[in-house]
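In order of appearance the chains are A, B, C and D, and numbering begins at 1 in each one.
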Amino acid sequence: MQTVRAPELQIQKWLNTESDISLESLIGKVVVIHTFQMLCPGCVIHALPQTQKIFQFFNGDNVSVFAIHTVFEHHSAMQLDSLQAFLYEFKYTFPVGIDTPDPEGDPIPLTMSAYACRGTPSLILIDKKGNIRSHYFGVVEDMQIGAEIMGLVME
Amino acid sequence: MQTVRAPELQIQKWLNTESDISLESLIGKVVVIHTFQMLCPGCVIHALPQTQKIFQFFNGDNVSVFAIHTVFEHHSAMQLDSLQAFLYEFKYTFPVGIDTPDPEGDPIPLTMSAYACRGTPSLILIDKKGNIRSHYFGVVEDMQIGAEIMGLVME
Amino acid sequence: MQTVRAPELQIQKWLNTESDISLESLIGKVVVIHTFQMLCPGCVIHALPQTQKIFQFFNGDNVSVFAIHTVFEHHSAMQLDSLQAFLYEFKYTFPVGIDTPDPEGDPIPLTMSAYACRGTPSLILIDKKGNIRSHYFGVVEDMQIGAEIMGLVME
Amino acid sequence: MQTVRAPELQIQKWLNTESDISLESLIGKVVVIHTFQMLCPGCVIHALPQTQKIFQFFNGDNVSVFAIHTVFEHHSAMQLDSLQAFLYEFKYTFPVGIDTPDPEGDPIPLTMSAYACRGTPSLILIDKKGNIRSHYFGVVEDMQIGAEIMGLVME
């Protein structure tokens, strides 16, 4: 199996974390990234409650769990003010990075584009060496996520 | 039992309807109002899917079903752009009135204040004569809502 | 609309009630009957929790709510001992009538046959005059059940 | 950490499998056992659908997944006929072993007693060497089960 190096994140601003997060600094840990849009129903109903659960189960010395707000439609509807109120009201405590808008005006932001995400929610699992090992679009079973993360931790 | 006349709505702007809605014009019909905020978890997870269900079951010649966006916190986070994208993405088709901000700066908007709602979601049932017959804060059972609406229809 | 007189029940044994129930004695009340088999997944997961909810909302002076155990397959698997343990463990408190087996050996018991139920669960609503007004096979929405029962109560 | 050797199973009869299962024959594989009673609500609603999911995700060369029917109350209500109809109607395909009644009349059957299960459902995870590594009573999260099984597989 050939693995792909995870491209570095291009984040405009981080929320719910004291210091910025880079993949380079996380080499040696398993990294779990959930991309979302705050007005995407599948994200609100399924993916983000699951992100919180992943964060509570796994975030720690061996695993880093966070989300990236990859807005690619309705941009004016999901600005910083709205995202902050959303995270506060839904009591989400995992770090959230706001993806960087394309400077040339493409609606797809830079990190989403670098990872070729097909939409939101997307779940990306990166191993300790910094390689992408799973990349899902849509809903993934809790049991499978638990197994995959632990599989990467045990490598 | 003493009933209270339902105060007239004070709506800044209507969405999902071709013409504005007034309680006066609905005398003779049962009126079902769900108040919400687009970033209130209880509204997003429970109340608004239920509003859509009430709308599909009951909206018609005898019953008028709609929602009112009564923003009383995080005002800048829930402006028109965001609300429109929210309704579009969640595929809600019932009429939505945006409550009128208090001109004197109180965070509680005018209709919410006139109805003394304790928060969101609130469910208000008005009989054919224009009197408030039920006023709930929080989650209400589908079965109870169905029974109450039909009870008012049959009067 | 032409209505059909509800055939009298043919019950072998009643559980969860001090006295036997007949439709004749319930003239003047709305009657709600849920038929089930204790090993039918749709009954266990959906219909019987709903029966309990209907019972708690409506059973009283105007409405009589109960279930009928209409076993038409796996007869030896759902005998009295098993049914009693099932009702006890699931904490169901509504009356349950055990349908009478066909004396000529047809697997369909007598009440189920008289009502021409297509399977389990079936929901039957009978008006105050003793006429069948609704007859559903499968899952029915709580909101619709609430509305229909109240509609019959208000007649 | 001290681990405890998993006592050998004492099964009266196996269902859903062509050949009997012994722990001795499974040395080298991770073993997942869900104990249940067919009339235990927590088993019917939560644990057994989860067993089916575990079976579909994990049963294979490295993991063996099955259930044990450990009846300790209402014995006459949950005999072979009823259990077979239950498994058939709920479409469960994982192997099920029927625990052996105590020959001295204790209501707790032999395997349940040997494992000191506190009730149903219980989830027992056994590592490749045949040692008990987890032993839960009640509901366990899918994500945690996925992680624990994979953790044992990767040892």
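Everything that follows uses one rule, which is that contacts are C-beta pairs under 8 Å (C-beta built on N, C-alpha and C of every residue); 3 or more make two chains touch, one makes a residue touch a chain.
Here the structure is a predicted model, which is why all the values come from computation and not from measurement.
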**OP:** Name the chain whose C-alpha centroid is farthest from the C-alpha centroid of chain C.
**Re:** A
**OP:** Could you put a whole-Å number on the gap between the CA centroids of chain A and chain B?
**Re:** 35
Original post:
How many angstrom between the C-alpha centroids of chain C and chain A?
Top reply: 50
Original post:
What parts of chain A, by residue number, touch at least two of the other chains?
Top reply: none
Original post:
Chain adjacency by touch: line, ring, star, complete or other shape?
Top reply: ring
Original post:
How about chain C: which of its residues touch chain D in the complex?
Top reply: 39-41, 44-45, 74, 76-78, 81-82, 84-86, 88-90
**OP:** Would you mind writing out the residues of chain C in touch with chain B in their complex?
**Re:** 53-54, 57-58, 141-151, 153-155
